[in-house]
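Could you have a look at this structure, given as structure tokens, before my questions?
Order of writing sets the chain letters: A, B, C, D and E. Residues in each chain are counted from 1.
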Amino acid sequence: MDRNQIGKWLKNPGKMANKYSFHVVYFCTGCGIIEVPPSITTRWDAERFGIIPVATPRQANLFLITGYVSTKTLAAIIRTYEQMPEPKYTVAFGSCPINGGMYYDSYNTITSLDKYIPVDGYIAGCMPRPEAIFIGVTHLWKLIDMDKADGYKRYREDYVHYRANQEQILGELDWPPLFSKENL
Amino acid sequence: MSLELLLIIAFSGAFLTYLSGKISSQLRDGVAVLISLGLVAIVSFLYNVQTETVFYQGFFGISLILRMNSLAWFFAIAIVSFTALCIIYSLSYMKDCERSNYYYFMMLLINASMLTIVLAGDLVTFFVAWEIMSWSTFLLISYNRNGALQAGIKYIVLSLIGSMCMLVGILSIYTSFGTVNIADVANHLTPSSVGYKLFLLIIFSITFGIKNAIMPLHTWLPDAYAESPSPFSAVLSGMLTRMGVFGFLLIMYVIVGMKTTLHLGRGFLSFNTILCWLGAITIVIPTFIAMLQNDAKKLLAWHGIGQGGYMIVGIAFGTSLGAAGGIFHTLNHATYIVLLFLSVGAIEYSTNGLRDLNSLGGLFKKMPIAFFGGLLGISGLIGVPLTNGFVSKWLIYKTLILGNAPFLAFAALLGTWGTVLSVYKFLHNLFLGQLPEEHKEIKKAPLTMQIPIVILSFTIILFGILPGLPLKVINSIIVAAGFQALDINIWGVTSETGTLNMLNIFAAIAVFGAIFWGIFKVARKSTPVDQYDNYAAGAAVPKNKYHYTVEYYAPFYRMGKPFLKDIFDMFYNRIAEAIGSICDSVRKIYTGYVGSYVMYIVLFIASLIFVQLTWSIF
Amino acid sequence: MNIIALFVSPLIALIAGMFFLGLSRKISARIQWRYGPPIYQPVIDVIRSFSQKSITHGKFFDFGIILSLSSSFVLILFLPIGKLCALTSGGLIAFLYLMLMGPFGIALSGAAAANPNSSIGISRKFLLALAYEVPLLLVLLTVMTHYHTISLVEIVNIQANSGWAFGSWALILPGIAYLLILPAILGMRPFEVVGAAQEISSGPIAEFGGKHLAFYTLQHALHVFVGIALFVDIFLGGWTFFGLLNPLAGTVWAVIFGIIIFLLKMTLVLFIGLFVNAVYPRFRIEQAMQYLWKWPTLISFVGLIIVVLTK
Amino acid sequence: MVNPILLIVVPLGLAFALPIVNLISKKIIKYIPVLAFLFNLILSLLLIPKVLEQTIIVKIGGFHPPFGINLFVGPVGILFSTLIALAGFLVSIYALSYIKEGPKEKYHILYLLLLTGATGVVLTGDMFNLFVFFEILCISSYALVAYLGNKAGIESSIKYLIQGSVGSSLLLLGIGLLYGQLGTLNMADIANQINSISSPSIFVPMIFIITGLGIEAAIFPLNAWLPDAHSSAPSSISAILSGIAIEVGLYAVIRVIFTIFNASSFLMFFVFLGVLTLLIGEMSAFSQKNIKRMLAYSSIGQIGLIMFAISLNTQLGISAGFFQMISHTLGKGLLFLSVGFLIYKTGSMKISSFEGIGKKMPITSLLFTIGAFSIVGLPPFAGFASKFMIIKAALTTGQLLFTVLIGVILLGTVIEGAYFFKVIQSIYFKGTTDIIKRDEAPLIALISMSIFVLLIIFIGVYPDFIARILNSAASEFINRIDYIRSVLG
Amino acid sequence: MEFLSNYIYYIGAFGLIFIGLFIILVKHNLIKVIIGIGILDTGVNLFLIAVGYISKGTAPIFSKAGLDANNMVDPVPQALVLTSIVIGVAILALALSLAIRLYKHYGTLDLRKIKEQRW
């Protein structure tokens, strides 16, 4: 833990603060959410790493997708992701968001989430234990340190393609593009 | 400039406006604005003038007098300026309304009669002007038809009861002392008995209490405010209702005299204590009833009642701070309630007459001027520091707390916190939240409607930061009434028991505001988003439905609704019904059968004989 | 002195407020047998929020939160922190009104966001405020009537001579009432109905992100500070501590130790609040109102009557 | 010197000349009443200054008063005759355009007779003459009520007739009893001798006379005919009945009480009766749907108010009562006249049918409104000045009872205000909002009504104008000795 | 008996008056009521005559010698009655003509049914 190194703080306070203050939006799409309560309560106590759940995406910087993603929930996931302020990180939790998991051949399950929104890290397993979340978070710290957790930047750069992918699966989207031409 | 000329201009201006309206509407608008602004100019030139003239002696040989002093000037300038603003506002608000000649005529007539009331130097002039004001107000309240008719009847009946009381009072003064000159009456009254003074105070208090809508007598007000045309609602709530305050000042501190009024009775059973408590009740109950209202103007109307309570408490408490606070609050109340009514009027204008709190929202993007008017208005109504409402309320609170009346102070403070709730609801439901699709394209409020709003907003802030401007005049009023003078500075009030310095509060807020505004600007720039890009748990935001307005304080309504009824209104309605049915049965004695009529004749003879035999009166 | 106070007291309040926020998280964690975040976690959160790119729903959305934060700072100037008090104009009444402005700014900002969750939260906030203001006003009126002044500084000074208000028999009931409503003033459980994250997505601040959230957190810290400081000033004698500072009277040390004593007292009061916070579930808004209008109001009312009668 | 007898002779003569004129030309007959009352008005106005200086006693046929019939032209008489001539003049102008159907020559004859009777009643100094003029007044009004010949008119007329003839029989009976005891019919002579006989034997004729006259004066239980008759008659006649007839009746009652019987102790009873009349009138009017009936009931209320004022038995009270009579004549006359055309244009007497009439007939509606304001007693109209005076008179007595009764009276005023304001609302603020074609009353009628309005405002603003005549009228009632002395010499 | 002879006219007159009043009060038929008015009128007239009448009196002609002024019948009531009779006739005529018109409108003369004008 380099939380107490003042030099690093002075160098880039924003990055450091982002690392140690993960406000998480848990997207409870499937069974993965069952692992979250133990991890934030007394047994594993995620708060000691600065991780706390928040209610709205506006206040969050970490998006945890816990479970399979159906076509229907994809719209909600995209919206929520777009509403999060930058910098923001996405972590897919469990097998299902990675490749569909046990629902890989279902007609309405999204098998690869990163076609629609950028995913900064995956925590594999069915289910991953709470410890895996912490390992995932420490990995994310490293990625942030190395500026490799740049999903939100990629989203901005490749927005046209992401939008095209989203429209391909969801049809006409009922919200305007996040980035207009000027914003890009 | 003599006072007669002023009144002649005021009254003839009204007629002139009506007549010019027959020629063309532009001419009429011009004349109306010219007259009202001219009156403002004339009255402001009369600042610090002290005159008294007998202008007419043809009414039963009574010398009718006009006089000008600081009290009269204070109210006069307020009356003419607020009316002038409302007239300017009306130019576009009333543009396409029927009978607009009539409307302007009545507005100016009411203006002139109010001016006469405050300038009256004798009670007969006072009464005549009071009555002219009453009936012309009735004619204008009824202007909007439908619901307004009931409101008008309610108003005029209560008003008549009030003026009849006053008539009895005035004539009893006249018969006892042979004069109605206010100054003379005050002199004559000094040696008369306590009972007589109390009688006068009570009978006049009924009149002024009805006009000022003190709690058991308030029932005409909500309907009347809600149903009148908005610019007139503004005048009605701003100045016309406050003629009651003027009346209270007149009867308590000019006619009966300060020293006497404050020593009538003992302890809780003294006149001013009871009046204070009525005022306290008037503050609390209407404020909470206002929370239940769904009609923007009705909500404001209930606040009009509630704020009237502050004035009464301040004036009736009878210290120099309190009286100054009460009088100042009258002016402040006028400023912000006029502003609020004009803002609501702007919404009505733009949305074709909508003022239902449940069907509007998000208008602050479309009507910024009206919104800032509304915001400053409610800030003044709450008494947020830096608005004028704060200063006057502060004066009242302070006098109550240091005058060892914590329960009254509690009522007053509680009223303020109730006010916060309901006026926030007002602002929120009209201006904030989601803008309905149908109001995306609304009529722009024209310049003539925006100018009064801007002027009033500016006034609120000006008097909030530099309360010394009006307080100087008020100080001379209370000194004339026999109170101790206050130590007034331009920025507030100095005293040993607590100084109010608005300027340093302003400086503090300004400095911190500037600092944090700077920080805010320096910090990372934020992206502006549409109202539909909003948190809805990932779902699409429903259009026109994503606004929480209906039953805004639902938990409180569930708790409070059984208790928050206007029981007085119900009581009066029941009395009215009872009188109606009694009247209906009384006329049944005219049966239509001649035999019974002849029987009445025989019975009359019999009763005459009976009376003679029993009491032998002849 | 006033000039110093002008610069120092906001800083003290801000630091202490953030410290209290961190402390409360830590203490709660410890009560729940957790390790808990570091005590400076709220600072990290604020920096994080500042670094994020927020969204805005228009100028007014920004205006409300700036108004809220700056008026909260102005409020600090009116509060005697130890012996420091920058402004006295208007006394406790002005103070009460300024206390209103912070939530009012947030309410304006939240409602401008056009989010019904915010609106519901604000409606709850105001209802809760109405509910606790009734006993609070009674309490403050009792104190003002008892000491016959409207100045906070004077109240503290009188206590320096005559002992703490909480120790005098006349003001013990109001003191108890204040303690009972303290969680409601601080927005802690069991009165955490306003920002109920589970039902209304943290209520008024549902649309706040980035710098808006940071401002809100700062404002919240100040609000906690003020709520407790008011109690300490009114009932626990502010900087006084049984004549401990009498030998130092007139020196700079008296001021510094005064502030330290003041902050210690505040910490003590915070602890009481936190114990309640940690073990109680949440009231519904009606239950909260009924509770607040029942016992605290009754107690403070009796207290006021006693004070009036013994006057 | 102009002879006051012309006041009676000219209209009476013209009334009989009218059928002959009718044979010559049918067109000019309607101008005859106008001329007659213009003459009367000018004559009365000329007489006022003289009368105020000294009372004029006209001895008819040169016989001296106890033996011959005399006219007593005092301030009261001249006040009333002016009022009658004024109202008669204005209403006859109004009638030029209003009376278009029916047997017109009969209308004009009866109209002349009615007002002749009224003038006679107020000017005569002889008891039996009073009865005769009274009968002229009554019979012509019976006939005029039935003038339209419709169901309502006939019914009201016959009811009025039955009650009226019972009343006149009682009056005659009373006069007979009085004559039987005193052997004289001259009012001054009776007044002179009245104290010489025992009180029970005065009391019996008095109650008969009061009852007989009271029927025409619409004192409370005797006024059942009034709403019917006033509402069924043509509006011009209603105006006269309301403005003149009942007030002349009341004049006769108080003349009898004050001058002849000197029964001022009896007035206490009249105070209560007045308040009762007022309350019953106003309450009955309150929920009326028929406008003319409402106005008729309102007249009852006003009569009660006048009774109250006069029964105060003070100089101020009596002059206030006369003032109220004047303002009532003007106000109620104006109301009936304006309502006449409102009814004419809408074809209904229902108040609900007047919705929106303010747009169609703005001037008439305005006149109605001013009349209503005056009747309710709002400044700056005449009704306010008179009400002011009445309350002042009541409070000047300094008795608690009168103060309490003033409260009751003002309550009646509030009720009156309520129903009048309801009508005003439905005239202006109900009904269609569309633009309607103007359909105003004829110019000649508007002129006559406007004169009413001008008088109402003028008297309301400058009541001192009539203060002197009111004062001397009141003294005439207070100082009955002067009355007796001036007649008997 | 002497009482009766002295007051017989008065008794008769008041008898007629009361009969007339009774008819007006009690009868529902308009014609009967009008008859009642007639009787009432007659009674009053009789009363007036009786006031001036002196039993075995003479006509009040002073120019004729030998007539005692104290024994003369008072001429004034007779003059009054003459007028009164004329008035009564007028009223009766008017009443009857009105009754005819009323019958045309209502088809009845029962006053209990002629109650359109009321309240």
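A few comments on the model shown:
Quick note on the criterion: a residue touches a chain if its C-beta (ideal position, glycine included) is under 8 Å from a C-beta of that chain, and two chains touch if they have at least 3 such contacts.
Worth saying up front: this structure is predicted, and the values here are computed from it rather than measured.
Dropping chain B from the picture separates the other chains, by touching, into A, C | D, E.
Contact with chain B and chain E alike is made by D. Farthest from chain C in terms of Cα centroid separation is E.
Closest to the middle of the protein, by Cα centroid, lies chain B. For chain D, the chain with the farthest CA centroid is A. Ranked by C-beta contact pairs, the top pair of chains is B-C.
Distance from the chain A centre to the chain E centre is 117 Å, each centre being the mean of its Cα atoms. Rounded to a whole number, the gap between the C-alpha centres of chain C and chain E is 100 angstrom.
One finds 79 Å separating the Cα centroids of chain C and chain D.
Chain centres here are Cα averages; for chain A and chain C they lie 36 Å apart. Taken residue by residue, chain D touches two or more other chains at 158-159, 162, 166, 227, 284, whereas all remaining positions touch fewer. For chain C, the set of residues touching two or more other chains reads 50-55, 117, 201, 206-207, 210. Multi-chain contact residues of chain A, defined as those touching 2 or more other chains: 56, 58, 83. In this structure, the chains touch in the following pairs: A-B, A-C, B-C, B-D, B-E, D-E.
Put simply, chain E touches chain D in their complex at residues 17, 20-21, 24, 30, 33, 37, 40-41, 43-44, 47-48, 51, 74, 76-77, 80, 83-84, 87, 90-91, 94-95, 98-99, 101-102, 105-106, 114, 116-119. In the complex of the two chains, the chain B residues touching chain D come out as 58-61, 98, 127-128, 131-132, 134-135, 138-139, 142-145, 148-149, 152-153, 156-157, 160-161, 164-165, 167-168, 171-172, 174-175, 579-580, 582-584, 586-587, 589-590, 594, 596-598, 600-601, 603-605, 608-609, 611-612, 617-618. Per the touch definition, chain B reaches chain C in the complex via residues 361-362, 364-365, 371, 375, 382-385, 390, 394, 397-398, 401-402, 404, 406-407, 409-410, 413-414, 417-418, 420-421, 424, 427-428, 432-435, 492, 497-502, 504-505, 508-509, 512-513, 515-517, 520, 523-529, 531, 533-535, 537, 546-549, 552-556, 558-559.
Residues of chain A touching chain B in their complex: 27, 56-58, 73, 75-77, 79-80, 83, 174-176, 183.
Touching chain B in their complex are the following residues of chain E: 21, 24-28, 33, 111-112, 114-119.
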